[in-house]
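Listed below are the structures to be examined.
In the two assemblies presented below, chain A is common to both, partnered first by chain B and then by chain C.
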Partner chain A sequence: MKVPGKLTLAASILGGVHVAALAAGFLAPYGPTEQSRAWPYAPPTRLHFVDDVGRLHLRPFVYALADDGTVSGRYHEDRSQLFPIRFLVRSSAALGGSGERWRLFGVDEPARVFLLGTDGFGRDQLSRLLHGARISLFAGLLATGISLGLGWVLGTVAGFYGRWTDTVLMRAADVFLALPWLYLLFAVRAVLPLHLSADQAFLMLVLVIGLVDWARPARLVRGLVLSERERNYVRAARGFGASDWYLVRRHIAPQTFGLLLTQAALLVPQYILAEVTLSFLGLGVGEPVPSWGNMLAALQRYHVLSSYWWMWAPGLALVPVFLSYSALSEALHSRVGPASS
Partner chain B sequence: MRAVLALAIALLAVPASAQKAAAPAEVLRTDHEVGRRGGRLVYALRSEPKTLNPVIAFDINSREVIGRIHSDLIHIDRQTQRTGPALAKSWSVSPDGLHYTLLLRSGLRFSNGQPLDADDVVFTFRCFLDERNASPQRDLLIIGGKPIGVRKVDALRVAFDLAQPYAAAERIFDSLAILPRRLLEKAQDEGRLGSVWGLTTPPAEVAGLGPFRLKSYVPGERIVLERNPYYWKVDSTGRALPYLDELVFLLVPSDDAQVVRFKAGETDVISRLSAPNFSVLSGEASRARHLEDLGAGLDYTFLFFNLNDLDASKLPEVARKQAWFKQTAFRQAVSAAIDRAGMVRLVYQGRATPLAGHVTPGNRLWLNTALPRPQRSLARARELLARAGFALDNGQLRDAGGAPVTFTIVTNAANAARVQMATIIQDDLRELGMQAQVVPLENRALLDRVLKTHDYDAALMAIASGDADPNSEMSVVVSSGPTHLWRPAASTPLGPWEKEIDDLMQRQLVTLDGTARKRLYDRVQELMVENLPMIPLVSPNVLVGAKSDLGNYRPAILDPQILWNVDELFWRTPPAARP
Partner chain C sequence: MLRLARRALHGLFVLFGVSVLSFVLVQLAPGDFFAEMRLDPRISEATVRALRARHGLDRPLPERYARWVASLARGELGYSFAYGTPVASLLWPRLRNTLLLTGTATAAAWMIAVPIGVWWASTRRVAARRGLAVLMATLLAIPDILLALALLLVAVRTGWFPAGGMTSVGHEHMSRGARLWDIVSHLVLPATALVLCVLPALTRHVRASVASALGAPFVQAARGHGLPEWRVVFRHALPAAANPLVSLFGLSVATLTSMSLLVEVVMSWPGLGPLLLEAILARDFYLVLGLVLASTVLLLAANILADLLLLAADPRIRAEET
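Let's look at the complex of A and B:
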């Protein structure tokens, strides 16, 4: 069958991306806030296998960068010395970090290996992309967890008990659907102190996105619960004296899990995008901690947009993530899809 | 190239349109390259001017337009930075420096055809000094606590009486627009002068002595000025200036949008370019455009700590941190840790100068060259902190009481360069174990915190000096000054050193001898560097661009950088032949 293949592919891509984000400290060649002030906007470092005299090297190597001597920040490779890529290197962590750490690869000073170039402060884009993924991807996951969890509980309660409970909860859902969340976030940000640490900002983002958006899953769950509640086997169980808790746990909840799973696959990318948008606007995690949104914010400036293509990396990284999530939700939909099918 | 303005005493040349007038005008003859008449110049403004009324205008965009519609009595040449005759043909000073007599050119007319005489000048000063009009220029006209006395001597002679001698007094006449009495006297008498000449006023009701006059205004889009047929300058062949038929101000809100419009040829000149955009534009070589780096300007960027006298019950956190901020050694340590060369390189791509004091290298006349060049030294910074009782504990700096040194730096979110500089400072201070966080704020919120609520730790801002003269820095340097940002409008000096600065500034104000003044101001700069109430960072270069076809284009570092000689600008190619 075709469907499981798609599911496996999407799931393994996503798994890989998330593991890479978690292992950022090991995979990234440099610290995410480490500035190499001599190399702002350095283009991606080229990996070489063949040297100037035509000899083939099995181990890839790089050349050190040299300044063109002009103010414009153009660079060329200094071909006088080869710097082989070393794998599994120990490097001292930047000041304020904790001792030494293992990294997957690196080169000897004074050469640098910037596989995705550097930003305006000379910070390695690849390292920032990996560390930024932690924030962007996990903000999406956590916010989805919150909004689905809340939506599921409230939707089930509303659908199961009906009457005034249903009315109250669903009107509340209407109110939340009508909330302009961007302005809500502005308001929340205005109330909080001037500076938020990266952790606090992350928490705020996740909570605001998650708490505001419970209404949509709640409505879907309520609809499903409403119809399940009237099914004969549920009525029969009730006739045999089953408690509300038992009915929900044993008969109704299992019917909603498929829905939750497909919803999750739909919501996660939406929330990732929400985080990216908010950080892009400067409402999310602030400098120097990277997130894909605040990395993309550099593109707001014309000269970055027009001159340094590698600054688009976080935007490009979003594409496979989004495609995988959408493939995942499609595959899930056709597999565990709506209970009616 | 120096623009020496030669004076033509009457009769030699008369503008064509003024020939109808009975008395020939005493025009000013200039000696720049003779140009060709016709065409229009399109200039981008960052935001819509608030008003066309010179008395109440304070924002840069309004002043940019108003400066083309009006003229002043004595004018500062933007290139030489020296004063020269404008509407006043000549002037004399009494030996005690208290009395100035200005002689007006005869036969001049406003752009609506009405003649200019001494009554207009007296009326103008009445308007600027009237408290009801709340003119931002009023303070400049109050010397030694008393408003300047203005008397009409005869139809072309006006006397000015000062309460005390005032250095460079003739500079205060610069940019002070002379107003048409006949047109505005009624409004002034009724106390509603502040509300005349808005953008929507019919063009016929606005008149001035500048090279252009108002033609039309499309809200949110453009302001069009046309040639003033009564303008009082001619070129060396005697032809009336300006050369251009029209001057168009387009409203283009963002930096980047201005670059795009200039690149597309929709605007003819561009000023206040950012260094990265300058690089992008110069990278795309084009013979049609000409970009220029004029070197260090007069703007200076600086970091300052909150030194206000705070009410500890209202802002306990900031008040607690002020125990560090108020120590000179702490500020010196921060200054020593900052990588100014890195800022010049990363933020300005080399197009800026690291600053030792608040006077920029662009201000050649007044810069104290004896000040040491700023050197980054983390060792010195650590030593200063250690001596002041701070100690490093596991990568975190703590004060004598054991509290970790953390603070926020607020800056203007809309200014990418300043946010970048703050980020660099953040990284530099981490090397000392200080945790600084950068908080970009919307400009109004930023000013509100700095000037009113004082709820901030440190701020990164810039000041754009309007003139090279020390008097233009009075409001910043003197402790009671309104733009003494780290402690605005303070009632007492911060310490003996600030008392000395206040005294020196007052003394230079009344010292007429240039060398003695320079000595006083040199000492002010020294005291500022020793005590660092503000920590100077860098001064960006002035970057401008124009189409190559523009003649007499001589940009200057003083405002208005390009349009200061708009009356001389012309197109080398006839308008019809231009693509």
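Let's look at the complex of A and C:
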């Protein structure tokens, strides 16, 4: 009774987050690499509804930011003029962008709207968070696809054909499983070139994370296939002269999909975290392209860690995503059945 | 004993597999430490070639592997180009620090997880059970990177614990006791991060296995004899629940070893993690190899230890042996 509600909630949160990531160009008020050098570490801009005279505005407005003059990095609002938030604005593209584009909201110069503050280069955290979600979330999804795909194929082959194929594949899996997987990931990362463009780095991360972790799903799939192979209906089909391909396709593969689904809900957050970790340590997607990992890397400096809470945004954003994935996996587990553990 | 010997043999096989796999992988990598040198106009092409030849990098792959294995046998574990010393001399002190951290964290995590899990499984209070479930689910959803950073923030803000490193300035001049206290106070933060990372998974598993043991007929029988509940739980249910838990021990060490990599870097604990990162950034491949191999040995040792524990804990397995 409670399960469907939880499942729906988790699925809709995840759906929303992914759609937001895909629509980052529209939702974000600024470009991800657009710098406002005058405003490093600006705190989140406050949205106002009531002005100094006490009049209520239906359209929220912001004040322009002003330097305190004495200490850099201290700001106050310049209350002399108010700037209403404009919706559906056409803004000129940032440096490196091409042409103009529609944005959900914006504000006239010289005011800025930094809903989540800015980082050390005066880049809007919200815009970077949205664009970074593209890399971090989709790296997790794609890597899961690769790892489960490879694990499924190898696990099915090992379980279905048995004998020496099984022995060889499972011994290989032993070797992969014997390494702490972050070490394995790092070792594979170590042999790849250090300096990559953002696209290459993304592709590299997806491939490395996906390929390194095939052994666990392969083992699970193998176990399942091994028991399915001996079912009577499979034997009967074989007796009727069904080909191996037909048996796998019609009788065995459908039995493994539930397992794959529950595994996916477990693996995606793990792989998102792997991307974040690698980028955090400077081995993944590099500046200036944002990923949640390299955004968090700013926290490695103590004054950022303790002074600017909005720099924690990418880390905090991971929490609801992970909660949703774990709720999803629990719900799937109870629906598909415990055959997967 | 037979079982143990078989496990040890299997471990050796896996170690061999890991060594070949990682060696080939590393050797296939484009560019090496000396490739960076080639970019330096002050170093002539001939010098680079001579250096490569001296370290045997111009030989075919099998020969290089044989040389590397020979250096493993000598206890050198290859040669670090970036540091200019055998890998072993870099590795040992770091491995000791990592072992100190992960060992402490493993012990602490289990000592906390077992009582909580047992209580969780045996309590009848619905509110407590639900509360624990929510707490653990939340803890599970907090990424370890965030946890480590948050603990660091606490340390920076409050100054209760030293934020990072393993020793304070002037550590060498302290008395024995002060030195020990210095290391312990530095250990608290990274160890807490690791414990919090693995705690939810461990507690859940303890709860699940104890709960299933509590439902078994022999536990009912023990209850029927009128034994006090604590005795039923600790003397009868817990040993029967030990089997899956001991297998989990190996897994928990694997997780902790992986996580300590990140925690060590964030909290600048001088363990294997920061060294691995440096080695990767310097493209110091033999050092990377040595570190990967060391982590594998660590895991295999943990698994064999788990087997020994199982042997001690579960009479059914001892019976199988004889």
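Note that in this section the second predicted complex is superposed on the first by the 319 of 341 C-alpha atoms of A that agree within 3 Å, B and C clash if a C-alpha of one lies under 4 Å from a C-alpha of the other, contacts with A are read in each partner's own complex, and residues count from 1 in each chain.
Criterion: a contact is a pair of C-beta atoms (placed from the backbone, for glycine too) under 8 Å apart; a residue touches a chain by one contact, two chains touch by 3 or more.
Just so it is clear, the model here is predicted, and its values are computed rather than measured.
Peer 1: Determine, under the contact definition given at the top, whether A:T33 touches first (chain B), second (chain C), both, or neither.
Peer 2: first
Peer 1: Considering only touches as defined above, state whether A:S306 meets chain B (first), chain C (second), both or neither.
Peer 2: A:S306 sits against chain B and chain C alike.
Peer 1: Figure out whether A:V175 sits in contact with chain B (first) or chain C (second), or with both, or with neither.
Peer 2: second
Peer 1: Is it chain B or chain C that touches the larger share of residues in chain A?
Peer 2: Result: the larger residue contact count on chain A belongs to C.
Peer 1: For A:H195, using the defined touch cut-off, is the partner it touches chain B, chain C, both, or neither? Pick first, second, both or neither.
Peer 2: Touch status of A:H195: first partner only.
Peer 1: Answer with first, second, both or neither: which of chain B and chain C does A:Q81 touch in the superposed model?
Peer 2: neither
Peer 1: For A:S91 in the superposed arrangement: first (chain B), second (chain C), both or neither?
Peer 2: Touch status of A:S91: no partner.
Peer 1: Going by the contact rule set out at the top, does A:T8 touch chain B (first), chain C (second), both, or neither?
Peer 2: Touch partners of A:T8: none, neither chain B nor chain C.
Peer 1: Check whether A:G120 is in contact with chain B, with chain C, with both or with neither, and answer first, second, both or neither.
Peer 2: After superposing on A, A:G120 lies in contact with chain B but is clear of chain C.
Peer 1: Would you tell me the residues on chain A in contact with chain B in one complex that are also in contact with chain C in the other?
Peer 2: Residues 194, 282, 302, 306, which sit in both footprints.
Peer 1: Which chain B residues qualify as touching chain A in the complex?
Peer 2: 255-256, 259-260, 274, 276-277, 279-280, 282-283, 339, 342, 345-347, 349-351, 395, 408, 410, 413, 416, 419-420, 423-424, 426-427, 430-431, 437-440, 455-456
Peer 1: Mind listing the chain C positions that touch chain A in their complex?
Peer 2: Touching chain A from chain C are residues 10, 13-15, 17-18, 21-22, 25-26, 28-31, 137-138, 140-146, 149, 152-153, 156-157, 163, 254-255, 257-259, 261-262, 265-266, 276-277, 279-281, 283, 285, 288-289, 291-292, 295-296, 298-300.
Peer 1: Which stretch or stretches of chain A touch chain B in the complex?
Peer 2: Its residues touching chain B are 33, 35, 37, 40, 71-73, 95-96, 120-122, 194-195, 197, 282, 286-288, 301-304, 306-307.
Peer 1: For chain A, which residues are in contact with chain C within the complex?
Peer 2: Those residues of chain A that touch chain C are 171-172, 174-175, 178-184, 186-194, 273, 276-277, 280-283, 296, 299-300, 302, 305-306, 312, 315-316, 318-319, 322-323, 326.
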